[in-house]
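Following this line, the structures themselves.
There are two complexes below, and they share subunit A, which is joined by subunit B in the first and by subunit C in the second.
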Partner chain A sequence: MTRYILRRVLQSIPLLFIISFILFNFTNSLGDPLAIYAESRNRPSARDREIILKRLGLDRPILEQYLIWLVGNDWMPPVEIPTDNGVRYERGTRRGVLRGDLGISFVTRRPSWTRIEERLPWTLVLMIPSYLITVVLAIAIGIFSAVRQYSFWDNLITSVSFFFYSMPIFFVALLSIYIFAVQFKRWGLEPIKWGGTGDGTFASLLQHMVLPVFCLVAIQLAGYVRFIRSSMLEVLNQDYIRTARAKGLAEGEVVRRHAFKNAALPLVTLIGLDLPFLLAGAVVTERIFAWPGMGRLFIESFERADVPVMMTILMVLSVAVVVFQLLTDIVYTWLDPRIRYS
Partner chain B sequence: MTTQTDRIQSKSSERVLTLDPKQNVKGVSNFARSMRRLRKHRMAIFGALLLLFVFLYVVIGSLIIPESVSVYNDPRRALQPPSAEHPFGTDVIGRDILARTIYGGQVSLFIGVTAMLVQILVGTAVGLIAGYIGGVVDFLLMRLAEAMLSIPQLFLALIALRVFADPARFPDFTFMGRRFSSTMIVIVFVIGLTSWMRVSRIVRSVVLSIREQEYVTAAQSIGASNWRIIFRHVLPNCAAPIIVSATLGVAAAILLEAYLGFLGLGVRAPTPTWGNIMGEANSYLDSWFYWFFPAVFIMLTVMGINFLGDGLRDAFDPRSLK
Partner chain C sequence: MTIKNRIRFALAFVLSLAMVLAGIGAAPTYAQDSSTLVVGFAQEPDNMNGFYSAMAFAQWANDLVQASLYDFTDELQPVPVLIAEIPSRENGGISEDFKEYTVKLKPGLKWSDGKPLTARDLVFTYEMIENPANNMVQGGAIRDALEAVELVDETTFRLKFNAPKPFPEDLIGSPGLSSILPEHVFRPIFERDGTLENAEENQNPTVFSGPYVLREWKRGESMLFEANPNYVFGEPKIKRVLIRFFPDTDSQYAALAAGQLDYVPNVSEGDLPRVAASNPNLKLVTVFGGYIESLWMNLQEEGKGPRAGHPALKDVRVRRALRLAIDRETITKELLAGATSPTDSIYSRSPFENKELGVTPYAPEAAAKLLDEAGWTLGPDGVRQKDGVKLELRYSTTTAGWRNNIQAVIQQQLAKVGVSVILEKYPASAYFGTYANNGILATGQYDIGQFANNTALTNPANVTVDEALSCAQIVSDDNPGGNNWTGFCNPEMDAASNVTKTSLDPKERLAAAYKIQEILRDEVPLINLFPRGDNYAYNTTRFVGTIRIGSGVGNQWFDIMNWELK
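Entry: the complex of A and B
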């Protein structure tokens, strides 16, 4: 087992290098990162521009930039920077990702990690409750549906989940805002507040969370219900379920202890693969509800070609995906002793 | 599992018993059997009918309402609710939303289908190469697929779209008297090239298992070329999973286009799509008809495809022996 984990960790290292290299190339060709300086009041002259480019190292070949991004430039020979009286030599200050320096945001000029630190909690506040509600409801509904296969309720649940499965999330979001905020006001009811995170009190935060959480659950739930229903049905057809029933066990016992425990195994994989993507936030939902999460941070840095922040978000995600895949495998061997990795 | 194999065995023994060697029995191919199962699948038929409806809407609609209606604007009649004259209302600069959902729908459906074709072609090619050549090439291609799967597709597509959809490099073009934004073509490739990974994994695994089969060794020993083996043995064995993922791939492509359009970063004006109509309508929440109708068409299409895809998956499943 230890050897297996070690091998997986070693295998994921080239993977992360490939990911970072591709992404670095793409994010760096997104557009002129100095365009945001041009927006500011004291617009840089052509020479200032050159100086900024030199100091940021943006005038170098892309491979060299990638190397600097990885291992920093503090060990490199000083860079020539033109000034009014001749040239000045400046030493690089970046330590590189491999030494824990994720770079400075082009926009805020603060370490890009602080941008993530500001936004990640908000994303988690939204994603964790909605994901928990989704999984718990999906297990309940999925089992309910599976043990009544082809009954009225099962057919109803299947059709409704197909319906929501096909809904783009912006449709659910706009409809729910329209009904619960706009129309409620017209009908003289108390409209549900939406947009932003409230005025700082917990009660107001909760109220602002209602609609986005509802939308996220509505969209995610359908897929999970279908998944749990089908894996339950597969297990319920197994011989050992028949044996359990033949032994005279109560139906609830059979479903809970014999069927669900086994049907939950593929669910563990699914959750393990989906969890890291919660960190990415929900781009469209956060946009509609003006929620200051990771999805919006990505779009904002994307629109301003803020390469360091984008790279940080993307690398955090990739590392999370790799780590969670490994964790899923480990949890799996623990849950299912039949599986042995070698 | 044992019950399943038992059933298969008893079924096949029945078939053997009823076979009369003297009679020229015409066998039913697997594919024909699957199609017969599909025709009996009520959900699949419902899905196909939904798709037919959407297809006829954008085709017949464009025969009745000329394209000029969808671009004619009149700010004096902006954001009018549905009326007899404009059944779906008008948008923020007074264009007829009905006409725009027809012409935007054509573009959305076009993007969905062509992006799926790109995805399937690239996925199949990568899967074949990785499976056949193996070694370092296989390792690199599969790591690439893994790498791309570990980033949300929306992020990848956004970045790729910005890099490649440079309006200076690709100007608008005219086709059949209509002006299109070239982003429409770029987006097809961006969506296709960010979604080939699953198909390539399926094809690769089929290649790896097929290579070990005796009939492939036999084919090789009588001198069949690699291409013959690919087209006679490998591809037919991937057909079922490829058809299923192609069907669902259309839905995924239409949804991704809609999300990009909704964020205002997808296909650019003057080309309408269901997605970018939604993007414009996002700021006009009170004018429900503005966002409601394009969203309904996205939903109907995606739902139709999902029903059909689910039916196809059941129909191709060798375990359902009906």
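Entry: the complex of A and C
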């Protein structure tokens, strides 16, 4: 098992290099960080812009920029900066990703990791509860509708969950704001507050989470419910379930201990695939509810072509995907003793 | 552990994590009462040092905490803030040759931390702007003009320029110099790092001169400001200002309608009707700030680097026909709620606008006639053509929704006179990219480009004419840093533009500005659509009386010390 884990970790290293190279090329082609100055009131002169480009290293070929991203530029010859009286030489200060320096945000000029640190906790505060609620509800509802297949309740649950599933998230979000905040106030009810994370108290945080969590659960739930329902149905038709019933076990016992435990295995794969993306946040939901999360940070960085921040976010996600894939495989052996890796 | 227990464990874990985080983030709590104004911003400022940001929202946040030497009112009247009086030739503040300014500060000024704010801070600020190591992108105009700065006494400093400078506001007032750096904070940073460019103080400033001080910045969420008791006009009546960031304008408007926001400075023209309808207590104010939305023609020549525009655009008759074929009146009325009106002048809504030139009317028949004259005749498919070339133009703009609406309407209007346009839209970061970085406009990947230009409202030296339309600035392989993306060149206009910048005679400057307007009306390198207002909305139930909001060219909060909440 240890050898298996070691092998997987070693395999992932070249993979991450390839991913980072592709992403670096991709993020660099998304736009120009200096474009912000075009419509501004005091446009910097051509020379000022040249200095910015040189300091950020954007005047170099893309392969060289990638190399600097990886191993820094503090060992390179100094950069020539044009000034009124000749040239100034400035030494590079970047140490590169491989030495723990993820670069400086083009926009705020602070380390890009600082920007992630500010946003990651809030993303998790929003995403983890939504995900847990989604999975717990989906398990309960999925089992319920599998056991009562084609009943009135099964049909009703299926219809409602598909109704939300087919709705675009921005519509659900704006509709919920409209109903629970704007209209509630007109009807004389206490409106639910939204926008941001509240005034710093826990109660206020919870209140501000209500609408975004509701929206995230509403649109995600149906997928999981259908998944659990179908994998439960498959198991419920197996011979060993008939055997369990024939033994005289109570129906609840059969469903919980024999059916669900076996049906849960594919669910672990699904969760393992989804978990790393909790770190990515929810772009639309975060935007609409003004939640200071990672999804918004990514979009805002995209709009300003802030390559270091985009790269940091994407690399955090890539590492998370690799790690969670490995964890999923390990959890498999724990859940199902028949599985062995070598 | 059973599944149930595992879930219980996970829930407990998340809940405790959330509580820990909420505890860490515990902030001064605020309530939306008579002491706290809640403002909604669509974007988060990127930098709190005014010399390093080109973002309007950063400028606005900065204007709350940094006092300018002087400001402009809503009626474009100058008001002294930190200076005792506005320098002029009459009061001896400006030398006979306009090359020397002597500026006097009010006595007894203080920074928010109680340290005296003196002419030494000003001298330091100008020195920092001048030093290329700082690369202050918003200080370029001052740096290029300044020869020396000297301290006269504790409240007086003198600026010497390399050429006559008729406009003090470009160099000492807002918008040219809208922040002053506290020497006691920034000098140690400069001595340590050799540059202020990456200073932590730019991101988390600690010392202020404006009506408010920045108390807390929750990244991605809000900025909390508290009244500055040391402000030159006294402590403002409103004790706290909370700026909350709503990146989605629909939810921002909903928060405004629901009363969660008291004041929003960024209502888009196209959204004015629905914002007004969403809550009867909202008052909308439009102030013109010198931005003009225009269609720019690609007149670049083949072979110099950038892609040349459609050959038809080279013929001035075609450009004039396009202007006649666009119904700008309907666009401003129907899409922009009548908040603005069409213009031909690049000096629109400024004292230098030549109103006698009038506005080209909507005249599709005249447009069709001009196009016929130019040899572009209707083809069998309804699209004009000449020598086998179709009159089909690439018309692009940014991804802003209101701009895309205008695109669609203009497409239909041009179709009526047999001009076909292909609509394109790009993210701003690609659209306005530099030549080296393959920017859409800079490399000529368009025939018609829609974006804004800006004009100073307080003097006739027009930055758009000077940079984006001058011969010397045409972008090419030889001049990749050029700001003129149209390829338009008219030496006569460049000469007039130079007069507006340097002449010491106001009448001569005005005549030159009129000349520029005439040339642009006749040559049509760009079709001005309408001046863009800055649209503010505020909730009247929260304020005592009506509030005065400053011009977009200066500082919207110029009168905030007199605002009062119920």
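Convention: the second predicted complex is superposed on the first by the 327 of 342 C-alpha atoms of A that agree within 3 Å, B and C clash if a C-alpha of one lies under 4 Å from a C-alpha of the other, contacts with A are read in each partner's own complex, and residues count from 1 in each chain.
Just so it is clear, contacts are C-beta pairs under 8 Å (C-beta built on N, C-alpha and C of every residue); 3 or more make two chains touch, one makes a residue touch a chain.
Remember, it's a predicted structure, so these values are computed and weren't measured experimentally.
Student: If subunit A is used to align the two complexes, do subunit B and subunit C fit next to each other or clash?
Tutor: By the criteria stated at the top, subunit C and subunit B clash after superposition.
Student: Name the contact category of A:A138: first (subunit B only), second (subunit C only), both, or neither.
Tutor: A:A138 sits against neither subunit B nor subunit C.
Student: Of the partners subunit B and subunit C, which touch A:A146 in the superposed model: first, second, both, neither?
Tutor: After superposition on chain A, A:A146 lies in contact with neither partner.
Student: Check the residue A:D84 against both partner chains and state whether it touches subunit B (first), subunit C (second), both, or neither.
Tutor: So A:D84 only meets subunit C here.
Student: Could you tell me if A:G31 is touching subunit B, subunit C, both of them or neither one (first, second, both, neither)?
Tutor: Both subunit B and subunit C are touched by A:G31.
Student: Give one of first, second, both or neither to describe whether A:R304 is in contact with subunit B, with subunit C, with both, or with none.
Tutor: In the superposed model, A:R304 contacts subunit C only, not subunit B.
Student: Please tell me which partner, subunit B or subunit C, touches more residues of subunit A.
Tutor: Comparing subunit B with subunit C, the partner touching more subunit A residues is C.
Student: In the superposed arrangement, does A:V283 touch subunit B (first), subunit C (second), both or neither?
Tutor: Only subunit B; A:V283 stays clear of subunit C.
Student: After lining up the shared chain so the two structures overlap, which partner does A:V217 touch, if you call subunit B first and subunit C second: first, second, both or neither?
Tutor: neither
Student: Let me test your reading of the model: by the given contact rule, A:K193 touches which partner, first (subunit B), second (subunit C), both or neither?
Tutor: Once the two structures are laid over each other on A, A:K193 reaches subunit C alone.
Student: Contact-wise, after the overlay, does A:V235 reach subunit B, subunit C, both or neither (first, second, both, neither)?
Tutor: It touches nothing on subunit B or subunit C.
Student: Which listed stretch of subunit B (5-13, 167-175 or 239-247) steric-clashes with subunit C in the superposition?
Tutor: Of the candidate stretches of subunit B, subunit C runs into 167-175.
Student: What is the shared patch of subunit A, the residues that subunit B and subunit C both contact?
Tutor: 30-31, 174, 177-178, 182, 287-288, 299, 302
Student: In the complex, go through subunit B and note every residue touching subunit A.
Tutor: Touching subunit A from subunit B are residues 2-3, 43, 140, 143-144, 146-147, 149-152, 154-155, 158-160, 162-163, 251, 255, 258-259, 262-263, 278, 282, 285-286, 288, 291-292, 295-296, 298-299, 302-303, 306-307, 310.
Student: Provide the residue numbers of subunit A that touch subunit C in the complex, in ascending order.
Tutor: So the residues of subunit A in touch with subunit C come to 30-53, 55, 58-59, 81, 83-84, 88, 104, 107-110, 115, 118-119, 121-122, 124-125, 128-129, 132, 136, 173-174, 177-178, 181-182, 185, 191, 193-197, 199-202, 205, 260, 264, 287-293, 296-297, 299-300, 302-305.
Student: Would you pull the subunit A residues touching subunit B in the complex into a rising list?
Tutor: 14-15, 18-19, 22-23, 26-27, 29-31, 162-163, 165-168, 170-171, 174-175, 177-178, 182, 237, 239, 276-277, 280, 283-284, 287-288, 298-299, 302, 310, 314, 317-318, 321-322
Student: In their shared complex, at which residues does subunit C touch subunit A?
Tutor: Contact set of subunit C toward subunit A: 3, 7, 10-11, 14, 17-19, 21-23, 25-31, 44, 46-47, 52, 54-55, 132-133, 135, 137-138, 140-141, 144, 175-176, 197-198, 200, 202-203, 218-222, 244-248, 250-251, 254-255, 257-260, 290-291, 427-434, 436-439, 441, 451-452, 454, 463, 467, 481-483.
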